[in-house]
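The following pair of complexes shares a single chain, subunit A, combined with subunit B in the former and subunit C in the latter.
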Partner chain A sequence: MNLKGLFATISRSWLTAIAIAFGVLALIGYFFTSTILTGLRLLLLDLAVILAGFAVFVGVANLLNVHSKKIKRHDKSASYSTLLIIVLIVTFLLGLVARFFPAVNPLFNGAFNYIQLPVEASLMAILAVTLTYAAVRLLRRRFNWLSVVFLVTALLIIFGTVSLPFLGEVPGLSGLVRPLLSQVFAASGARGILLGVGLGTLAMGLRVLFGADRPYGGK
Partner chain B sequence: MAEIRCPMCGKPNPAELDVCQFCQARLKPLLPSSPSTSQPIKAGEQPVHKGTAEFEKVKPVDQGSIRPGEAPTKKNTAELERALPSWLRSLRGEQEAAGSASEEAAPSNEDLPFDSAAAKPPAKRVGWLDGLDKASKKEEEAVPDWLSGLRDEEKAAEPEADHTFEAETGSELGSADWVSRLDNTPAPSTSESSFSKPASAEASPFTKGEAETPSWLKSLQPEKPATSEPAAPAGGEEKLPDWDSGLPAIPADSQAEAESAPTVDQPAWLDQLQEKSGLMETGVPANEPAGSAPKEELPDWLNQLQDKTAGTEPAPRPGEGVVPDAGKDLPDWLNQLQEKGPVAEPVPSAENEPAVPDWLANFSPPTEEPGPSAREAVPDWLSNLEVRPGPGTEAGSAFTQGEAGAEIPHAEELPSWLSQLQPQAQPGEAADTSNATFGSASEPSAAEKGVGPLPDWLAGIEQTAPPAAEAPAFIGEEKANAPQPEAINAKPFPMETPDWLSKLTPEQGPEEKSLLEEEPSLPATELEAAALPSWVQAMRPVESVVDQAKTPALDENQVTEHSGPLAGLTGVLPSGPGLGMSRKPPAYSVKLQVSNTQQRYISNLEQLVTGETRPSAIKGERQKVKSSWRWLISALLLLAVGVPFLFPQARMTPPTALLPSDRGATTALLNGLPANAPVLIAFDYDPALSGELEMTAAPLIDQLQSKGARLTLVSTSPTGPVLAERFFLNTLLVNSHQYKSGEQYVNLGYIAGGPAGISLFATEPSVAMPVTVSGQSAWGTPPLQGISRLSDFAAVIILTGDADTGRNWIEQSGQYMGQTPMVMVISAQAEPMVQPYFDSGQLKGLVSGLPDAKSYEQSYNRPGLANHYWDSFSLGALIAELIIAFGVIWSTWVAWRSHLSKPKQKA
Partner chain C sequence: MTNLVLGLIGFALVLVSAVLIIGLAAWRRKSPPVFRDIPTFARMRHAVGRVVEDGTRLHVSLGHGALSTPQSASGLAGLVLLGRLAELTSAGDQPPIATSGDSGIAILSQDVLQAASKVSAQGAYDPTLGRLTGLTPFSYAAGAITTIRDENISANMFVGNFGAESGLMIEAAERENSFTMAGSDNLTAQAVMYGTAQEPLIGEELFAAGAYTDAGRLHSSSLTAQDILRWGIIAVMLIGSILKVLGVL
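Showing the complex of A and B:
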């Protein structure tokens, strides 16, 4: 076994040990109240928060690297990559400068208020048109009972949610059908999903604590 | 055991065989030397009768070169006379002339067929017989010394030999050198000189009876001493056997007499022999002792001949450096021959002993009365030889006649081969002539003009091959020295004229000499490599056969074979179909030759094969979306949403009577908060949902602001702090309270880590968020006064559009909330997922979407954005519902129609 393989083996073992140790500590802190355990847990959480924040910064750097390579390779979207990098740098600089120079804040806020927010809002608005069009063509592409039920339910919900112009709510639809659909059927389904998510999260945590899963690397 | 190498295939055969056991070619030439037993001619042997029918196959010269496959052209028999040997033609001419001139005393020498000093011009040397000279010259080592000595004597006596006689008779007569030498003997008894044999004298064929002897041959009998015709069997002077070379040369006077007084009966071949012997003896002094060969190699009787004759001696045989002695040991008859004059050259024959042809055995040479002493010395068999001097005579046999009247020795005295020789040997004929005539068996009699059908005695001569050990007797030095082509039929007088012989042109003339001269140019390696006997080489028709000058057209189109047994012949069929010459087969490369095109095919095939196992990417179906529908829907929706804003005063939608989702819990909760209560507000929604959430959260925040609550803003989204700032600045109803950062609210900023951050903040908020977005210390500000834990807040309001974010807040901070209520303001899309938390009691209030906001505003009676967006929202929703309903109906109808049409298509 060479040195590199030995180091890999040791590192994987250490990683697994560390992950298990700290996971157990965090779990114990939930069950037992102790200053040390609490402090240790807070420390770990603080470190995790710091790492998470730095991970965002690393993500941004990786974004820059990817788009820079696209620019170097002269890909088809190299122009968009260039624009992205430029805007990223400008916004980053504005944010840095705005912290030390409040006069720059309107600029930094304007970039967000007049560029990012309208763009995202517009995408959300287009989504309304897209969903409507998809609902219209749903039966043409997949004519089955599920599709019909889906569309009928959607119509009922919409009709029960809003008041018709000049008519107001549809009697029985807004007070009975819509609450029944949204708060009974939908909620029940949601509950099941949430329980499953919770249980899965528990199992995932136990697997990490037991070393069965190693999402941090290694086999 | 002695072996004979086949002239055709070159393989060794036993000496006793006449025909090659491998290729069935004749091994022994039809020379008047020995019978089919291929035994050397011994004195006293009975001559072997030879048929002359084979001579009928020769073709006239006028016909030109005979090509293979050609049909024989019928010719007048008179034309065939050219095919006859010169000596034979001369004999015929003498016969004809004998009728007019019966008395034609031929000098002893002149009459001798092998008289080299004959007046007649040397006949044309047949090219195919030229090789005899060269072969004989070259292969002297194969010729017994005693025989070669005879030739030398002949050459010395005769300056030039007649080769034509040799060409005519070919190998049939065998070596004629000895015959030419016999002509040189002073004794007129040409029979003695011509029949000088290595062995004891044998019975001469002439003794068999003069009645059988043609008249022309009778005239060859040595009558005059001066004219001693060397009795040549059938060849020229150049074809005298080697043993004859040891005979003393016929004195020059005798030669001159022989030449000056041509006898009627002297055949042409004898004259040629004389001439040839004279040629072959060039360079050899006439007075050279007859036997230059060591005497110990010559028989006694031959040595006597040498001693006796002091005149010209027969020129040495070509290829033989041995000159017979002066003839001290020669018999008397031979000595007489030497005294007479130049001895006709021995007929050049193959290495084997020349066979005595039948025709020569059947006639007796014209007797010429030799000198008294010569007559006494000449044996009877030799004395019976007819000396026929003439222009056409060529030395064709090995006989040299001595003085005229010399008796032919008896049969028991002469060897068989000699007994068969013709007595018409002209003395004085050059050995070259005889060698040229008899040396090459392939020299056909076609060189001569056709004189008609051959007599029986001429056609019936069978060729007997001399022993392989013996050198050819009548091969001149030229031919012996010159490289000879291989595989020559060594038949001096073939019973069956081979094809190559029939193709030859009789009139070679001056070309023969040129051919003879050219022969030495041939590489000696050929002969050595083949190891052919000299007599075979002499008969090789390399250049002498091909008449290049006369038939240029043929030669241009035909290939002349240069190697193998058919060397020198033209028109030879190639060895294989379509192959003119054998060549080394082309070497084909083992490596596979692939062209570029084949390489491409290979690569294509390889790609196809490998592509079979490779899964192909499934191309997604790109449905062609009708853009008109989208434009229509967009237009309708825009219209529905925009019209209320054009008419803000008009209220198209009545107020909602519906209760909010939490059924007024949020309203009650917020109404129960004390004034100036610290409230934590988490802005965890995206900018895309800012319109809905700001509209939905505005009444609540407004209510809290109206209570003077201290607001703490935090966000787990990077855009949360900015949205929070924007919410307090731009949101209707909220901005009316003009909350200021750091005074009424504090913005803690972004909490990283997601759930971990929430958990950290929930556990230790001051540790998690120590500063504000402006960098100031947050926990000393008025909004956060008295707040150290999450439970210190009066309420926690979570503004989110994502159910997971709400769930994280609920799960991470729920245990640290204590009694602090948590209220969520969510988007309508997250309501189903968050509703259970409200139903479970983890959430104390839930406001979901525009309808709840509308209801909240109505309950609180502070119209805000929800009231402003309520008409647009209702109208837009109605348009969307109608479009969807229309689509459902239309799609159902189309599907139903297609479903109905399917059975018809199947049918």
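Showing the complex of A and C:
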């Protein structure tokens, strides 16, 4: 092993040791409320939040890099990438100027309130259509009793929630079936799933603490 | 119950889990542990094989669970799967692409892909393969959709923290006739994924990906430990219900 390789191995071992030590400290501080442990846990979390803030800068730089590459390669979506970069720079400059000239603030807020929010709301509307189409396709692709139960339940919940034209609320559906499905069957099923997810999360966290999964410096 | 008692119970649960995982990993069994059959993972391996043969690309979507929140666990599970899939496709022409909606997860995905590139035949590592596509759920979905559409992708894995917006991404992947496997820790996303994805992962199956892709002994032992703990919790719930009915509790 050369000197560079040896240095890399040592630094990786140190990284793992530091990550495990900090993880264990934060974990103990979560369960036991001593002034020192809680203070240490909050300090570590504050450090993590500051690092996450810097990570956003790195992420935005990565976004710029990806889209500049697309423009250089003349990709199919190069025009969208150009638009994205222009809007990103304009919004960034607006935010910067608004910090020193409050008169620009409405313009900066307008970018979110009149562009970002309506676009996201329209995506939500598209999602409703997409899910309806996917529900119809589900029976064609995976025709089994679970898919049938899934679709029938979804329909019962929808018709039990909305007021139907000319009929209004269907009494048995909105007063009995929907609450029974959502508050008894769905709630108990959801608790079972969440318990499983909780155990999975615990196992995942422990594997990171043991250094078996190292998302911070390779193997 | 006081905070101290609750803290002790929580700590004991974590300690028991840790001992179980290490103990089961250290136990040299004559035969490897047998898990229930999850056809999704077999089909995933098949799709990965096809990616290598076709010279197409694999896309792993890691969700938008921030690292400093409890939702990061599903993103970390996605990173484990990404690392394993990058190894499995290392003989192929093109390395996988990872998209995420959290900058921390995006940086970690670059790290995972860089580590995998050292053993692959695909040439130098490209940092733009680990991408942050947007910081809000829908902007993340919109950015990921262009990746799904434009990068010659034939298999999409959605593993991480998602919301209802996952439906848009999966639908885009379906329109490209590509393989879609999807799992999330979020209940809304799970319902959407069940309806839209070819291969949905329900509940904790998302965290079992490592064990089913031979990621290591600790993955198998942690899955066995999860099963043991689950039975323990079921027993406690049943005993609690019986005691409640009998009027003891």
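In this section, the second predicted complex is superposed on the first by the 201 of 219 C-alpha atoms of A that agree within 3 Å, B and C clash if a C-alpha of one lies under 4 Å from a C-alpha of the other, contacts with A are read in each partner's own complex, and residues count from 1 in each chain.
Note that in this section contacts are C-beta pairs under 8 Å (C-beta built on N, C-alpha and C of every residue); 3 or more make two chains touch, one makes a residue touch a chain.
Because the structure is a prediction, the values reported are computed rather than measured.
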Exercise. First (subunit B), second (subunit C), both or neither: which does A:F112 touch?
Worked result: first
Exercise. Counting only touches as set out at the top, which of subunit B and subunit C does A:N62 meet: first, second, both, neither?
Worked result: second
Exercise. First (subunit B), second (subunit C), both or neither: which does A:L96 touch?
Worked result: neither
Exercise. Touch check for A:A17: first (subunit B), second (subunit C), both, or neither?
Worked result: neither
For this session: Please work out whether A:A135 is in contact with subunit B alone, subunit C alone, both, or neither, and reply first, second, both or neither.
Result: both
For this session: Give one of first, second, both or neither to describe whether A:L83 is in contact with subunit B, with subunit C, with both, or with none.
Result: neither
For this session: Examine A:L42 and indicate which partner it touches, taking first as subunit B and second as subunit C; both and neither are also allowed.
Result: first
Exercise. Looking at the overlay, does A:G205 come into contact with subunit B only (first), subunit C only (second), both, or neither?
Worked result: second
For this session: For A:G168, decide between first (touching subunit B), second (touching subunit C), both and neither.
Result: first
Problem set entry | subunit B and subunit C contact sites that coincide on subunit A, given as residue numbers | 45, 48-49, 51-52, 56, 116, 120, 123-124, 130, 133, 135, 138, 190, 193-194, 197
Exercise. What part of subunit A is in contact with subunit B in the complex they form?
Worked result: 38, 41-42, 45-46, 48-53, 56, 99, 102, 109, 112-113, 116-117, 120-121, 123-124, 128-130, 132-133, 135-140, 143, 148, 151-152, 154-155, 158-159, 161-166, 168-169, 174-175, 182-183, 186-187, 189-191, 193-194, 197
Seminar exercise, completed: As the complex stands, subunit A meets subunit C at residues 27-28, 30-33, 45, 48-49, 51-52, 55-60, 62-63, 65-66, 69-70, 75-77, 80, 116, 119-120, 123-124, 126-127, 130-131, 133-135, 138, 141, 150, 190, 192-197, 199-210, 212-213, 215-219
Seminar exercise, completed: subunit B contacts subunit A in the complex at 629-630, 633-634, 637, 652-658, 661, 686-691, 718-719, 722, 725-726, 751-754, 756-757, 759-760, 763-764, 767-768, 774-775, 807, 828, 831-833, 835-836, 839, 849, 851, 870-871, 873-878, 880-881, 883-888, 890-892, 894-895
Problem set entry | Of all residues in subunit C, those that touch subunit A in their complex | 3-4, 7-8, 10-11, 13-14, 17-18, 21-22, 66-68, 70, 73-74, 76-77, 79-80, 102-104, 106-108, 110-112, 114-115, 118, 127-128, 130-133, 135-136, 138-139, 141-143, 146, 149-150, 164-165, 167-168, 170-171, 185, 187, 190, 192, 194-196, 198, 202-204, 206-208, 210, 216, 218-219, 222-223, 225-226, 229-230, 233
